[in-house]
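In what follows, chain A forms one complex with chain B and a second complex with chain C.
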Partner chain A sequence: MSVPAHPPAAGYDSAGFPLPSAPVPESEAVRLEMLKAYPPKTRKKREKQLLANDPATPPEIGANTRTIPGIITQRGCTYAGCRGVVIGPIHDILHITHGPVGCSYYSWLTRRNLARPKPGQPVNYLQYCMTTDMMEEEVIFGGEKKLAAAIREAHAIFKPKAIAVYSTCPVGLIGDDIHSVCRKAKEELGINVFGFSCEGYKGVSQSAGHHIANNGVFKHMVGLLDEPDPQPFRINVLGEYNIGGDAWEIDALLQKCGIHVTATLSGDISYEQICKCHTADLNVVMCHRSINYMAEMMETKFGVPWIKVNFIGAEQTAKSLRKIGQFFGDQRLTDRIEEVIAQEMAALRPVQADVRSRLQGKTAAMFVGGSRAHHYQHLFKDVGMLTVAAGYEFAHRDDYEGRAVLPKIKVDADSRNIEELDVEADPQRYNPRKTPEQIAALQAGGFNFKDYDGMMAEMKKSSLVIDDISHHEMEKLIELYKPDIIGSGIKDKFVIEKFGVPCKQLHSYDQGGPYAAFTGAANFYREIDRMINSKVWQLVTPSWKKPADPALALGRGIDSPANQAVRAVVSGLAKAWKPRQAAAAAPES
Partner chain B sequence: MSDAAPASIRTPVAPGADSDEFPGPTTNACKLCTPLGACLAYKGIAGTVPFLHGSQGCATYIRRYLISHFREPLDIAASNFAEHAAVFGGREVLHTGLANVTRQYRPELIGIATTCLSETIGENLPQLLREYREQAPAATDAPALVHVSTPSYRGTHVDGFHATVRALVETLAPAQIAAPKDQNPGPVALFPGFVSAADLRHLRELVAAFGLTATLVPDYSETMDGASWCTYEPIPAGGTPVAALRALGAARAAIECGRILAGEARTAGTHLAQLGVPLHRLGLPIGLRETDRFCYALELAAGLERPASLALARGRLLDAMVDGHKYVFNQRALVFGDEDFVIGLTSFLCEIGMRPVLCASGGRSRRFGAVLRAAVPELPADTIIREGADYADIEAAAMGLQPDLLLGPSKGYALARRLGVPLVRCGFPVHDRLGGHRLLHVGYAGALQLYDTLVNALLERKQASSPVGYSYL
Partner chain C sequence: MLNGTTAEIVERKALRINPAKTCQPIGAMYAALGIHGCMPHSHGSQGCCSYHRSHLTRHFKEPVMATTSSFTEGASVFGGMANLTQALRNIFSIYSPEIVAVHTTCLSEVIGDDIPTIVRKAQEEGSIPEGKIVIHANTPSFVGSHVYGFSNMVMAMVNYLSEKTGTTRNQVNIIPGFVEPADMREIKRLAAALGADIVMFPDTSNVLDGPLTGQYKMYPEGGATVAQIRSAGDSIATIALGHFAAHVGAATLESKCNVPAAFLELPIGIGATDRFIDTLRNYAGVQVPAAVELERGRLVDLMSDLHQYFHGRRVAVSGDPDQVIALTQLLLELEMKPVYAITGSPGNQFEKRMHELLDGPVPNARIKQTADLFELHQWIKREPVDLLIANTYGKHIARVENLPFVRFGFPILDRTSHRFNPTVGYVGAMNLINQMLNALLDKKDRECAEEWFELVQ
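Take a look at the complex of A and B:
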């Protein structure tokens, strides 16, 4: 964690964290309260996934372990991680889901990964959702023939450059060999056709699907086109999926600085861009969880180095730009980057200050993704809000504790299921972008490659870290912390809002976005201001029935069993809301 | 976003061809998976937690999809199959899951549905549940367990919904019982089909207007459309009580909505009929005539004429139809969605003088065309009827039809945008507008609301495309 050289700004502590305006409960006590309800076996597992943070020496977290059956989880499946997240956004290849109808339907445009094909490339297949729609007879007699027919039909209609095929649960169980069907189709049709064995029961969560997707993209696409873009300072942005247009903001910012994006994996990306992405000079990684495999494999095979960046949050965006500038070591580029940061910050600061005047000291909690629960803490920090609790849905230990723990992570049966590609340096094309001397010089200047320190190192001491949060824990969290906002996904959004706490969807952004880079940050500040200060929360309690608890007066939080007085008020309210009584009792306020 | 279709997706079908042969693969499906229907049906029973026997992804996907329509909390548990369970069987994960759900939620009922995974490996649910019951500590508050077989490779979300309603009734109301004294005469058993939360509320009001009580199976009007909470509700309030389901053998009559459903040999309704309950198998009460039939069945059950309030509602609908007929007459409509829904909507469109030019559904009952024509005898002979259709088929067929209006779920938006005509959203799923679950389709009130909406959609289009911009229409 970096310690600011200058004295803390008003409203922030010496470590740079916003000071909360109300006392925050002691996290160890909250933790024990949450664990109390579990039977011994469940408790034993959950206590490893529920920790009080120590940024200096992050405690070991039991991440990436199976969810216990019957405990409601927000996690998805391997198919969702593969087809839905990593490869789904490629807009000019056809995606065919091999299986019964549901899996394809649920991954049909639901992630808001936007695409806006370039001029002259008028193809956008994202609005098509293709499936073999397996029927009982195919489950009994095999579905390979139907898959082959589906590929042929798709080719005949669309003439795409490539077709990707995804397996669902029954396909793996009946033993359809999708890879051999794809190989034959590739020969027959003369286009690239490849399959992903991403059956839903593999792995612990969607994370397994990310890995399978990385392997497939690397094997079947990366390196097919040896045509570097002519521009200098070429980078790939990995792990950026253009939800709500984030990738477009990042692209525009980088372009302004004079940095060229060869490919964004995989937000609004074309097949060709992926095929030539190995020609870039540098990989910058946004979502470490979903795409670190790709970064590693590209470095091993082609010599493209990678660094971790974060374009979420103003300070973080500036830091990431400077880091890229430092890598290239070109004075004109460095000057231009400083110029752009100064311009963008000048435009952003008034918005930030205005919003901060209403949000300073408020608190947030976040339970989302493999990186977002970390990245978005910076946006909240920008407007004076402290993240009191956070956790990932499907991340691994390294995303929490930093990559230093990688050698210590135990490989369990679930991880062993997922293939690790055996990658070697390409005899012709391996080309390290920096000499050992240059690397040493960069490192001496404080520059680190492959440097992800994880979420915990950047979270305040004693904040609460919860992996794969359960409903019960969410309920306790709201009751005890009464956070002003929670960032989460659509599956728990409405539970949280029933409690009177606004919930920002950080998987798909509700209808909103972009939130990346400086312009996106302004959108996010305004959105959070709007949500927290919405008048609706004050209308929850009728004006003539104001309870004593100020949190409840704001409509926030729930009835705490520990607080009998509040309970009485709340149950009185429930009665008042019976229509007839409400009509009779409602005086002018 | 490029809106141009890259190529004609499917060869257009000649008008009048009632074909039920379609290419195997599906592009932009007009149906969802069977366990989704099962989960929604279980949500309509009080104190119930839906439970999927399969991988956690199914529960997650179905939750996120139903939630994007209803915008309400929705818990679906799962046995979270791993590769080990997929190979050696899911006995252990099922038992652990059921025990955990019981402990956390204290449910009255756990509604179990299978998935493609557990069906493909041939899980024997009755056997596994028997073992669970024998093992589990005998507790007086142990939840009832109902299970239904819902592989997605057999049928659609609607089939899963009806199969679950049947499983609930067959399991919980196995025999005829005498009506309890305090409930004399017994309630009307009402099987409403896959309709909106507002529809369920209105159906209950219609029954109440005849002085009767209804046991709706299912009734998710409150569980999936509730108020904000004062206390945490692990299982949201509302739903048909399990006790009411157990008492269905004493129902005074049963009404089962859905003309396609009426062609099934074994349903919740036929089960009650076997127990001696008079069964009315009707269409979904969408539009004037289908609502008339519904009300007539209630007259028979109640033994009295329809109340004045309903006569007024019917008259009001007719009055509106007179006011607006000039705007809708002979306007060409595409209708798509669930089979029984499309039949109801088509009947209504013909009543008001519109011309349905294409009626399509992703369902595959093999009798959609025949049932639709029987229900709507005045349907023009050249109206294209497609079952087992996807949106690629619908688009291919629509291109030459020059429709003025589309009627169906949100998934029709891409086509509406390409054609430049309004989409009047109805049915399921509606995830690009607020309040999809509050759309009222049934009864005279539903028909009236639908009528106003589609007349106004046509007027808006006319106004927007007018070179002079009339504000007085």
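Take a look at the complex of A and C:
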């Protein structure tokens, strides 16, 4: 929760939220207006997913439930969540999609998980799209043979260290056993080959795919290499995907402080880094939704504890660094962290103040992913902007209401579909990083492990929370809130901008970024300033459709002052020209 | 970049690497957007629909609306009837389209959902309001490619909508193939210049190239209306532009409503555009006006002026079959040498037609259907080319092989020319020639020795 300022800073209320410069509509009224268009059954379902917020006692939200057929949703499928997010960024293994061409084709370089292979590791396979391009024959007679052949061919051409295989919807239906194909290929080729049963229909959104990918990465890679990096203060950054170079920004900042990143799961990451990430001292979690499974499993099996951090937003970044420092409890490290924060904040403050002078009191809404709709509220707050409405595309209740709600979440049929790995402490390698006494001391000092309070606790009272927003609700939201900017994804981007409202893509960053850490924050402030204050929005209406403005009349009509002025100049020139012409025409004397 | 690609070719029977095609539903979705007031509907899991909408949006930079049946495991086991029925009810009450165009996905195809039966039941139980229409196309992705999906949806338009009343209308149908809104607009402009009345379907101009007005319209002005597509059954003739994307629709209309079909190629380059104009002129009974001849003359003039830059240049082309067949003819008109030509789509007509075109002028050309960009890259590594023409996915090859690169076809995810510059018609040829010249000369200007860096070209 944000600490109340005493007295509140100018432009902020007593709870630390920016004061909007125009009145914000009452969220319950907006909610009812949004629900009006729905047939009864649809309305009943959507009612639970649209709520007025209460940060003190977050209300129960319907989340991670099925999208209603016929509703225009932002959501994608399990395959997209698995292939694209946690495992997709590993750049030196091959990724083969088993299925018809499309699923693989659409996931080809469309997610901006940038990679810059380290010197000595020149391979980057991310530009390749590989698929078994299943044909009718395989749909009828089974595709296992083709998959086995495809793996063999891929190996013959690329000689990779490992191959990951992904199932798409039709594969699950025809019953191909990709795991046995992978096992055989592993024996035959002597490299690591493993499969993911991530058929698109398996879950209600990408989220199921994240879970499946977590399981597979944990089962088939994590722990294969027991070689800790030599540096002290080793951590893994989990749930960070290096979109627009965010991971590089975080990495550089941590390095400056003297903290070493063993692996970032998963952004700009190699097979080897994943295989040895269990040797780190601490896991810090950015996107709780997509990777909390991994954090939990690594703790159970190897004793690596985890904490929630957030490197989006200046205050949040500073807070996260301090938390990591507190964990290690090393005075020199703590001092260095304070030094870095002081330096970075000194550089950032003037940018922040300058941008805030133009954005103070403006409003934002965000509908994206499983963590960004929360994290980015901090960046907006930094420049005096209030988030009036927000929601996730594929998050669960704990991402809204906080992890305290976990024991109360009912496991429905769709979630039961996804395997929960049975993880136990590794007999040799389990090594709790802190003694119970150390943990108790940390906790006494206000330090919490595995803490995520969710989005609602940090959002203003009565702001509107919408899970899995539909197109219809988005239209209503624009009409009623008229936000100054909306953060969303590619499918909404141009819809929103047709309304004359700028839309920042918070999946791909509109090819911009990085926005993480301090330098990233400055980038984001400037970017939002550019978007909201862009002159293009003033060009939308032609002058003849605007109410007559006396100042504008200057350029209009034959007798406008502007024309009169030109006329005076031109006739003066003409008068001056005539005598000269007469002189030129005069006969030579 | 692409550093796993070597010149050594290992035979592949199972693994597709860097495909030059995608799946049927995206083509069907695109075609459906060319009907006015239409909501495309993807019957399957929501991932397919999300991918198709995202991909089309990245290409057009425009809103792309479509709904999905959002299958989960249950629907996959018990069939998608309940999902589709519920979807139709929601779509009509929340988004009020005139017409819903359903296409299947791999999943619903494997399950074997019978769409017409489901739709009929939905109608009987009142989930489809009076006067509203639902059409459907089967678009399994394990058959064909995105181009086939387009073609199948066009066929559905004819099957469901076109009618013969017995009274012939003085109009010519045009089925434009899987081309850009800018191309469709250009085809309409040429027809208007000739004074020919046409019905074009699908027509995505003014749908996927809409203005920014401060108002969002879910169903923009553009698109062929249901009434127009209906009336296509009474037209004098149909001109279908492209074997793979357009001919099936025209043939269906011919057999259903007895409207004679002219099976042409995409009007890219002089010859193909001439054939299009000539055919349209004949059917519509109009004269080619001087303005169109002038346009053509300016194109010939340009080709003559620039001949030296193109003659004999080796070109690699990848794209959709209709596009590659047509573009090859323009390249030959410029006396370039299309040495490699591939398409990802299956279908023998591609290789057959390309051999007809290339066996004479470029006897050793490599031509391949159901090919992929990985293989094309390997050919280039073995024997290089002077120019690469492909969709955006060619950019990695262009970068690593340092090739002048012209983006052409679908999709173009990183440039904007396709959003307003047509490639069809005489004007389209000028655009293409301009882009090729820029690509070739930009490279020369960047890389040539200083003494050869010349002001005038």
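The rule we apply is simple: the second predicted complex is superposed on the first by the 541 of 589 C-alpha atoms of A that agree within 3 Å, B and C clash if a C-alpha of one lies under 4 Å from a C-alpha of the other, contacts with A are read in each partner's own complex, and residues count from 1 in each chain.
By our rule, contacts are C-beta pairs under 8 Å (C-beta built on N, C-alpha and C of every residue); 3 or more make two chains touch, one makes a residue touch a chain.
Just so it is clear, the model here is predicted, and its values are computed rather than measured.
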Chain C versus chain B on the shared chain A, clash or fit after superposition: clash
Partner chain in contact with A:A29 - chain B first, chain C second, else both or neither: neither
Which superposed partner A:K491 touches (first chain B, second chain C, both, neither): both
Partner chain in contact with A:G99 - chain B first, chain C second, else both or neither: both
Touched partner set for A:A115, first chain B, second chain C, both or neither: first
Overlap of chain C and chain B interfaces on chain A (superposed complexes): 39, 42, 66-80, 96, 99-108, 110, 122-125, 127-136, 138-139, 146, 149-150, 153-154, 157-158, 168-170, 172-174, 200-202, 413-414, 417, 471-472, 475, 489-491, 493-495, 497-500, 540
Touching residues on chain A, where the partner in the complex is chain B: 39, 42, 66-80, 96, 99-108, 110, 114-117, 122-125, 127-136, 138-139, 146, 149-150, 153-154, 157-159, 168-170, 172-174, 200-202, 205-206, 413-414, 417, 471-472, 475, 479, 489-495, 497-500, 540, 558-559, 570-571, 573-574, 577
Contacting residues of chain C [partner chain A, same complex]: 1-4, 6, 10, 12-19, 21-26, 41, 44-48, 50-55, 57-58, 61-76, 83-84, 86-91, 93-95, 105-107, 109-111, 140-143, 145, 210, 212-217, 344, 374, 393, 396
Chain A residues touching chain C - in the complex, by the definition given at the top: 37-39, 41-42, 66-80, 96, 99-108, 110, 122-125, 127-136, 138-139, 146-147, 149-150, 152-154, 156-158, 168-170, 172-174, 200-204, 413-414, 417, 471-472, 475, 489-491, 493-495, 497-500, 540-541
Chain A partner contacts - residues on chain B that touch it in the complex: 1-2, 4, 6-7, 9-10, 23-29, 31-36, 51, 54-65, 67-68, 71-86, 93-94, 96-101, 103-104, 115-117, 120-121, 151-154, 156, 226-234, 414
